[in-house]
Structures are given as structure tokens and as C-alpha cells.
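Quick heads-up: structures coming right below.
The following pair of complexes shares a single chain, subunit A, combined with subunit B in the former and subunit C in the latter.
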Partner chain A sequence: MQAAAAPKQVVRVFGREFSRRRLSELSLLLFMLPAMLLVLVFVFVPTIWAIVISFTNQSLIGPNARNFQFVGFDNYVRLFADNSFWNSLGLSFVFVFASAFLGQFILGLLLAVVLRRAHITAKGLIGGAVLLAWVVPEIVAVYVWASVFNFQSGTANQLLLAFGFERHRWLIDTPMLAIILVNVWRGTAFTMLLFSSALEAIPDELFDAAAVDGASAWQKFRFITVPMIRYTILLDFILITMGTFSVFGLVFAMTAGGPLGRSEIIGVYIYRNAFQYREVGFGSAASVIMLLINLVLAVVYLRLLRIEQGK
Partner chain B sequence: MNLNKNAFKTRWLPLMLLLILATAAFGVSAQDAQTLTISFPGDPRSETVNALINDFVAMKAEQGVTVEVTINEPTEGYDDQLLLDFSAGVGPDVFSVSAEAMGELVEAGLILPLDDYVAAWEDWANFPSGMQLMGSYNDSAYAIMYVTDTRVLFYRNDVFEAAGLPVPWNPTSWEEIFAAAEQIQTNVPDVIPMMVESGTIWGEGTTIDGFFMLFKGIGGELIDAADGKWIVESPALLESFRFYERMFGEDYAAAEPFMEPEPWVFYLQEGLAQGNVGFGVVVSVFWDLVAPDSTWAPVENRDELIGWAPMPSKEPGAGVNGWDFVGMGGGWGWAIGAETQNPELAWEFLQYMGSAENISRYIDGVGGVPSRSDAETSDFNMAIAEQVLPYQSFRPGDPNYPRVSEQIQIATERILLGEATAEEAMALFAEAVEGIVGADNVKRLPLE
Partner chain C sequence: MRINALRFFDVFGRAGFYALVLFFFVGPLTWLLLASVNAMPGFSWAIPETFTLENYGELLAEPDLFLWLGNSALLAVGTMIATVVLATLAAYPLSRVPFPGKTAFMYILLLARVMPITSVIIPIFSIAVVLGFVNRFEGAILVFTAMQLPISVWIMKGFVDSIPVELEESAWLDGCNRLQGLYRIVFPLMFPGVAVTGLFAFLAAWSDFLIPLILLRSPNTFPIAMGLFRAFNDLGNVNFGFLTSLAVVYSLPSILLYVFARQYLVKGMTAGGVKM
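Moving on to the complex of A and B:
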């Protein structure tokens, strides 16, 4: 009603008349164009290209490097028959579940809840320490932890010795535990930050009222905090599961997938096939499967998010 | 809509045309200069090679030719970067190529054959036949080698003296190597007696620096020259794997550091360079890496503390060709991209980089053994050239080699983890290689 009542403002551009409203729509599109172009060129096109390549026998070298041929579903048939592919997929799920859900999510939430009530100094110290892990570059983090896990003189084994235990071969006998620990250490800050800001948004009155009603700390958490931040919980799940699923550098530098493939998550598997063995087509097929898994997860999460938003 | 189209025509089309014309004009004017795209692996070569390239450009400028160079020098993943450039159609005009990558690049039609060029180049005779061969594939020359390397035993004089072992040390069999390790273990218990590169983390080093230095010392061949089949079981393979079994079984080498990131830091930088490891089979450039002025692992009085000896065969005469000693070669050369627009300039660049003077400059700046007999070099490199290069062997140039090499690394990893005996590791190796190259392309030799 209001818009119709207002006098129509007209602007002339290039000898043509535009309404103000139309012009602002157009300028919006114009401003978005560079970003959209970048997404198109660097995200969309490579993705489509990877899918196309996954149906070819392209390799990085040899006669198939430039004159590759379409081989139908051959790469996928080979992939599904490859035991180390299933091994890497299984390890990836363990890695995501343990380091993203059990580790980063629970620890991050716990830290956010505890720090909300903590003294300002403690808040700064603990929050800062957690954040520090996050801002350290991946490779630096790996070398820091490699020295912690070092068999002879690493901090972890020195502690074990101090408490009267034997040295433990961290990277040989428990490589998955090692990479999960490092990833939790690194990733917890992100979840903590996300929840800290969500918790800030909960009015104190709710907790005060619950306190008057005699609610316990757990009850306050269960019936006030969790319902109020459930949207953030879902958002965090999306971001950390996908982020963890595509981890590569950390594991590659730490264990290179070893020993004997016992920590070879899907990212390392793809690298080994596409670059070490130079079979880009086959490696792309594995990436496409990874993409599909991520896509399914994304759809499920987005569905849940929409249900949450609808409430 | 009509209006819109007109606006496009009247306003944007002229502008675009102008832009196209402008770029075309720029292109024409730039053609006065000759362009040369150069790729080589960066650090630690970057400084020296860039200086050489600058001098080449200056030299051409004096001759009245402007050369515009574009330099790609990735430090990590050089081979991958090179292959990606070629497959994207933006391969370099000239590039540095490793001896082992050359066969694949030739097969892919990416390197220009140099036969006609070298035939008319008088300097070619100054490259020993082994170096000419290393830059060749299927009897054609493809690269001008500028540096080579080999592997030798490096040992600590101070550790040997503390263990009561004679210095200089010149072992002539594996038994003498194990005997020395045993004596160090007994008399200098704080020191890890020995090191032969093992496991998958050390990557190709495990295969060329470790495995082949043993395997060639007992006459081993991975591919039967007669029928081209991969030999997946042989007495030589078994004996080589038994070497690892004994080394780890007797605790002469520590297994754990091989499974940690950068095992070379533990074994070489902190180990051999600081006297925490008794001896090891190591690439010859180690000598330069522990020079007093090195930034990698400087050893103040290197010449007194560190000695070297050629790696012996299992017993005298047991090596390939009946040799008493073993050397394993790698090396780098300059090659010309098959699709270069300017092969004459590229060849000039290769001649320049391959001159005695410039190879000497490279060796002086970066290290390694020079590929020319008339290049100036250190006493160490001269001794290496005389005592080890005559026993030099090379890796197979087969396209399946990278995968088979990884299986060798896995076999040594199984042994170092204590999860397989030498026999079991060989059986699993045979199975895996059969899976890679096909059952028809493997053969098993009788194990006596």
C-alpha cells in the first residue's frame, strides 16, 4: 500500500528510465556479480570438472595425460572393489565421530558453558589458550604434536614415565587416537566460540527465574540452555562434520596415513591415488563419493535446520 | 529488451573492441623480446639458479637480444607442478628434470629429443658416458645432466674410537657392518649404532638410499631384462629384507623414529650430525649439508668428526656385475619442452647451464657431484667420482615403478614394526606387485 502511494521515483541511466526499486535490485546484482563469478570459476566449475574426470582414465603422466578417454563407471567399479577405499571410509567415519562429535562438540560446548560463568581472568586465560590452538597453522600444530608424541623424548611419554608407566608408541600402536587428539585440540576453539556467542544471547532472567524455582545446574542446562541454542548446535554440527571429513594436511603430515594404512582417512587416500599414483580419474571418482557423502549430510542437516526455523 | 541490446552495442561493444585491440597491439610489441619459461625445483637451488639465469639474460642482452624469462620454482611437489603445467598446456620451454622422472615425460611426448643438438656440441664429450646415459631414454638424449649423486656410508670417527673400532673404516662385507654395529651397541650404549632408511614416511629415500643399496650389493634385479617381467621373489630380495630384520631385531637401529614425521631430523640432523648415531647409508650430498657453513646441520669440525666409505656388497664380488661395492644414482638435468616456440634459444640456455664453468658454479652453490669431468669441485666430490661412480646402478624407469617402490617401503615398514618376518614381507610384496602389474607380468625365482 505504502509503496503504491509513494510517488514513483525515476532515474535515467544510459538514456533509459528505471524505477528506484528496480535500480537497487540491479545494483545488488551488479555488486554480487564478482563474488558469484569467483564462486562459479573456483567452486562450481572444478566440481563439475572433477565429476567429468571421474568417468575418464586421465592420469597425470603417460599417454592418458592429455588424450584421456571416457571409461564409463570403470573407476567406480574399481573403487568399490578396493579394500583400502572401504578402510579409509571407515576410518574417516571414526575420525569424524570421535574428533568432531565426541571431541570438538562436547568439549567446545562444555568450555563455552563453563567459561560463561567463569571469572574474567580465568575466562581470558582458558579462552585464549584454546583459541591459540586454533590460530596456529596446521603444519606447525603437527610438528608441535609430533614432538609431544615422540617416542624417546616426547612430552607424552615423559609423563607416562613419570607416573611409572612404560613408553607408548603413539604413532605406531594408536595412530587414530593421535590424529583425533590433535584435531580435537585444534578444532575445539571454533565450537567454543560459536556457542559462547549463542550463550550470550540467552537472557539472564531465564536462569534467575529457574533458580527461584529451585532448578539444578543440570536442569538449567537441559531445559533452558539446550533449547535456546539448538539452532546453533545444528549449525555447528554441519560445519564441524564437513570440516573434519575433509581434513588432509594434518593427517598427511602426522602419519601419512600409516602405519600400513591404519590412519588413512579418505583425504589421504584420494591424494595417494590422484597424485602419488598419478591416476587423476580414479582419484576424482573417490572425491565424487566424498562429495556425495558430504551432500547427503548437508541435506539432512539443512532439513533439520529448516524444521528448527519453522518452529 | 531491445533497448538493452542497443545500449550494449553502442556503449560496451566499442569499449570491448578497443580492449581487444589494445591487448593485440601489446602482444605485437612484446614479440620483439624473446620469451623463455623456466621451471626448476626451488629451495635450496633457488639463489644459485636464479643468479645463473640472470647472467644468461645479461649475456643475451650484450648480444643485442632481449630475453624475457618467466621462472617457476616450487619447492614442494615440483614433479606434480610440472605435470599439471604440461597437462594444462602451459608447460615450460626449459625445465629441470630428475633422472627417474625423465622416462615418463618422454613417453608422454613432453620432452624434445636432443640427439641432433648434442651431436654438434663439442662439450658433450666432457660428460662421462654414465652421465650421458642418465640423460638418455631409449637410446636418445633428452637432458643435459648437471648434477648427480650417490649413496655411501657416513660414520662418526668419535663414536668409532669410543667403541674401539679402527678409523678410517673400510668395510668390505655386510658382516663387517653388523660387527661394527654390535661393537658400538656394546661399548657406546647411548648411541644408536646404525641407520638404513626404512618405512613409508621416508618415502622414496627408503627405496633408493636404503633398499637398493642392499639389493644391488647382492646382485638383485627387480625387472628381468630378458622378458621385462617384475621379479617379485628372489634370493636377493629375501636377503635384503633379512638385512632389515637383523638391523631392527638386534636393535641396531631404532624403529620408532621412522614412524614419526621427518625421520631425517632424528637420524641425520640430530643423529649422525651430532654423534647420536654411529653410521648410516646416506645420500652423498649429506657431506655438504653438514659443512661448517651449512644452515641445515652445520658441524664445526666436520672433517675430523665425520668419515665416509663406499657401501660394500654383501661379500666381495657379490654385487651386480660382480662388483665389490654399490652406488645408486639419481641426478638432475636440463631438458627442453617438446612444444617450445623457441627451441634455438632453449638449446642455447641448455648449453649455457651445461658449461663446465656454470656446472662448477651450481655445485659450489648448491652441492652434489658434478656431471662433467672437467668441472671444478671439492676433494670429496672428486673422491666420490673416482671410488663410487664406477659402481653406480639406477632404478628401473618403468611407469609402474612408483607403486612398486611404495610396496618396497611397505615391506620394510612391516619388518620394522615387527609385524612380518623377511619371508612374510616378501610374500606380501609379491602379492601386492602382482596386483599392480598383473599376474602375467611377474615371476618368482627359486629361493635355493
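Moving on to the complex of A and C:
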């Protein structure tokens, strides 16, 4: 009250006039500094840094760690000639498509739809079970699934034997299938939660009216549910795609990319080159390719958000 | 007849689907729990012939347990406090003060959220070397905090937006400055936001594997994740009783905290101003 009644005091800063009130308001922006500094130093600077380093021959240790030189596009030329890079990029796409789209997306959506009208006990029990797999720490998930896939006495092979099949070498013959299964196990909860809350926003009357008109379950899903959650579908798809691209610990601890690179997704490829072969410059070139792919996805994501906020 | 068949499929199809889901999602975890109370634990899924709590007893006698537990707790609590304080401080002016380019600023912040960490891990290591942060908890905490901040600021801003500025104005009239008003009036009112961002930060640091792998290289600084990883990769010498009981102890805080925070999960996941 008092401030509003007082005569406006005006201060000149850099040739522009500000009221004292506005100036003190602007000074609040200083509160943002520590957070912004951290994000700058550990998120944005590393991004730029990765790009710069990708044009050098920097190594992790040794003389080239400090006295590195710019080598132009050498790293990229080498990268694009490296079969194991294309292998890892291809495996990353397989990993993302199979575990994010075929696995998490379809299973998560199915769970959300089925649980929407389920009994409260089923909702709590089944929803809780899916959530449980999501919340255990990554390394525990790896450890638990290593037991499932163990050749001699793992649960997966026990089941195969019980049904009259031979033992299968999960981590050696089908390492991609193994890491995809584990990632579906871990990640489905996210999609399920996202769709559960989106489905709750659809009024029951719509389904009741459709039922009166004799619509089948599939027709209800196709003509009511899908149009109502169209936006959530896109949002979920982009978020889980980006999330799956950055999976690292799970694969690294489970198969370390092996055997012979047959489960080496891009994150593991970067780690191997930068931290095991100590070629930081070369590894960064692979990072930059990964960044570019994610940037395209991120731009689509931000556009979607803006469209939705503009409504 | 047709109706009966449909009903049959509805009831039994549903039950079958539930059974499969339970089997797939809970089955692997039951192995962990059962092995941890088995006197003869191994890779196979088995109801123990002799139940025992000895594995947990052995775990308690292991000096590394308290080192790792302490390190993990330090990382998680440090990250939680830093994230909550810095995110609140940043969210407040973002909510209250109009300035040009604010929308663009918020979206750029969101861009930081979706940056895959594996693609920037090399420079993060280099920066940590330059700043002397390798094998230091401060370094890991700051990196975790930086990773959590973008999404936390978004969540917190939403909560500050929902608190009427009039509540603060009366505090200012009573002689509070903006900072005092922030922590006496706004902070307590946005407790759900504080809880959810704090929890996410705690759990992210508690469960993470990549940052310790890169930054915490000395065994003295290992959190539980690294301890488990090293012990498990010690092939030919896997002590199942120790590992399974440690994994259970390690998972418990995460599970309990999520149970507590289940109602806030969706809000936190979709922050970014998504309307559902």
C-alpha cells in the first residue's frame, strides 16, 4: 500500500530509467545465479566442450592430455569409417525401438487402459508391481536379472528346462534381447503412470455412451481413448526415446557391450573409447553425433510443449 | 452363449494378464529377497530349505557396509539439500519477476533436462579434473545437483505460481524483506513441491551409477552402487549372501520413499508445464 502511494522514484541505469520498485524486483533475479551457474558449468559448458574437443586429438592421460592439437575433421572421418561405431548406432536404434516402443510404450499403454476400470485392489497390486521394478536402483536391477539369465541355474533356463527346451545362453547368444527385456522391465512404469493420469481425464460418460451404441472395446479405444490422449502419446514417445538413448549403467554392468560388441549401444561405445582406450577427442566425436540425434528429438518435444501451452 | 464366452474371456483373460504382469515384474525381485534369507544362496530361484538371517548379520559385520552406506547417504542428502535450496531460490524470481526473454529462458532450461548424460560425461570428467573434483563428494554432489536443477526449477516454479503474492505482501508490511518472506511464507506453503523435488534429487543420487563410476574412483569414496558393482564383478568369488542382503538394504530406502511419494510422481514426471 505504502509503496504504491509514495511518489515514483526513478533511477537511471545504463541510460535507461527504472523505478526503484522495479529495480529492487530485478535484483531478485540474483537469486537465480547459483542454480544457473551450476547448470551452465555442468550441462551447457560440457555440451560446447564436447563439440570443441571432438576436433582435437586429446587423450585421457599422457602428453596428449594437456598438449592436444586441433585435427580438423579427422575424428569424424575415423568415426564414420569405424564399423563398430555404425554397429553401436544401429544397436542403439534397435534398443530404442524394441525396448521403448515395442516394450514400454505398448505394455505401459495396455496396463493403463486395463487398470483404468480395474478393481481398486488390482490397481494397487499390479500398478505397484510395475512401479517396484522402476524404483529399485539400476545396479540392483542388473544384479537381479543376471541371476535370471544365469546359464547353469538361472530362472529363465529353469523355465525352459521345465517346458522341455534346452538351456539358452542368454547373455552370449542373445545379449540384445536380454538388455531389451531388462529395460522394458525397468521403464514400463513411466509410460503406465503417464497414461494412467491422462486416461483419468477422460469422462466415463463417453465410454458409457459408446457402449449404448454397441461399440466394441477396440472401437472405444480407437475412437475415444486414442484421440483424447493423442498428445500424451507423442509426449511419452519422445520422453522414453530420449530416456532410452541415454541408458548406460544397465548395459555396461550387465554385458559391458559384449560379447564382441554385440550389445554395445552408443553410450557404452563412448565410454569404451574415452575411458578405456583413453581417446577423449575421438569419443567426443561420437558424443556429438548422439547429441545431434537427441537435439532433434528435443526440438520436437519443446514444440509440442509450446503448442500445448498455447491452447 | 456368446455373452458367456465373452465374459469368460474377460474374467480369465484379465486374470491371466495380471498373472503374467506380476510374474514378469515381481518374479525377478522375489529371487533377491529369497536368496537373501537362504542359508545356501545361489543363482537359482528357490524357496530356502533353511531360512536364516545370517546373511544380514554378516553384512552388518562388514566394515565396507557402513563406509558405502555413509557415502551413499552423504551424496543423496547433499544433493537433496543443494537441489531444494537452489531450485527454490531460482524458481521464486522466475515466478514473481517479469523480465524479457523469460519464456525462452524456461525452455532453454528444459533443453538441459533432456540432454543425455552419457554424451556429456567426457567433458564433465575433464571439468572435474580442472576443478579438482575427482574422488571428492562435493564434486559428485554438484554434478548431481546440476542434473536435477532444470526439472526441479520447473516443478518449483509451478508451485510458487500457485501461491498468491498477497500472502507475501502482508509479510512485507510487517517488515520482512523478500528473502525472509520467501522462506517464512512461500517455502512452507509449497511443501509438496519441496518434497517431490527433494525426493527425486535424493533418489537420483542414491541410485546413480555413472557419475560414481567416472568421478568417485577411490574405494574410500565408493557409494553402495559401486560397491555392489565391484563385488559382483569379482568373478569366481561371488558371495551371494553378502550381495543379496546388501542389494535388499540398498533398495529399501528407494522403495519406501516412492511409496510415500507415489501421489506426487506424475506431477514430477510431467513438469514442464504439461497440461493433461
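Throughout what follows, the second predicted complex is superposed on the first by the 261 of 311 C-alpha atoms of A that agree within 3 Å, B and C clash if a C-alpha of one lies under 4 Å from a C-alpha of the other, contacts with A are read in each partner's own complex, and residues count from 1 in each chain.
Basically, a contact is a pair of C-beta atoms (placed from the backbone, for glycine too) under 8 Å apart; a residue touches a chain by one contact, two chains touch by 3 or more.
Note that the structure is a prediction, hence the values are computed from the model and not measured.
Q: Quick one: is A:Ala35 in contact with subunit B, with subunit C, with both, or with neither? Answer first, second, both or neither.
A: It touches subunit C, and subunit B stays clear.
Q: Does the superposition put A:Tyr277 against subunit B (first), subunit C (second), both, or neither?
A: first
Q: Based on the superposed arrangement, let me know which partner A:Tyr143 touches: subunit B (first), subunit C (second), both, or neither?
A: Both partners.
Q: Where does A:Gln69 make contact in the superposed view: on subunit B (first), on subunit C (second), on both, or on neither?
A: A:Gln69 contacts neither subunit B nor subunit C.
Q: A:Gln219 in the overlay: touching subunit B, subunit C, both, or neither? Say first, second, both or neither.
A: Once the two structures are laid over each other on A, A:Gln219 reaches no partner at all.
Q: With both complexes superposed on chain A, which partner does A:Ser84 reach: first (subunit B), second (subunit C), both or neither?
A: neither
Q: For A:Ala253, using the defined touch cut-off, is the partner it touches subunit B, subunit C, both, or neither? Pick first, second, both or neither.
A: both
Q: Once chain A of both complexes is superposed, is A:Gln152 in touch with subunit B (first), subunit C (second), both, or neither?
A: Once the two structures are laid over each other on A, A:Gln152 reaches both partners.
Q: Who touches more of subunit A, subunit B or subunit C?
A: C
Q: Determine where on subunit A the residues touched by subunit B overlap those touched by subunit C, and list them.
A: Common to the two interfaces on subunit A: residues 143, 146, 150, 152, 253, 275.
Q: So in the complex, the part of subunit A that touches subunit B is made up of which residues?
A: On the subunit A side, the touching residues are 14-16, 60-63, 65-66, 142-143, 146, 149-152, 169, 171-172, 253-256, 258-260, 275-278.
Q: Under the stated contact criterion, what part of subunit B meets subunit A in this complex?
A: Subunit B reaches subunit A through residues 3-4, 7, 11, 77, 80, 83-84, 86-87, 104-105, 107-108, 199-201, 254-257, 259-262, 399, 402-403, 406, 410, 413-414, 417, 419.
Q: Flag every residue of subunit C that touches subunit A in the complex, lowest number first.
A: Those residues of subunit C that touch subunit A are 14, 17-18, 21-22, 24-29, 31-32, 35, 42-45, 86-87, 89-90, 92-94, 96-97, 99, 107, 109-112, 114-127, 142-143, 145-147, 149-150, 153, 173, 178-179, 203, 206-210, 213-214, 224-225, 228-229, 232, 243, 247, 250-251, 254-255, 258, 262, 265-266, 269-270, 272-276.
Q: Going by the contact rule set out above, which residues of subunit A touch subunit C in the complex?
A: Subunit A reaches subunit C through residues 1-2, 24-26, 28-29, 31-32, 34-36, 38-39, 41-47, 49-50, 53, 111, 114, 118, 122, 125-126, 129-133, 135-140, 143-148, 150, 152-155, 158, 185, 188, 190, 193-194, 196-198, 201, 232, 235, 242, 245-246, 248-249, 252-253, 266-267, 270-271, 274-275, 280, 283-284, 287-288, 290-291, 294, 297-298, 301-302, 305-306, 308-309, 311.
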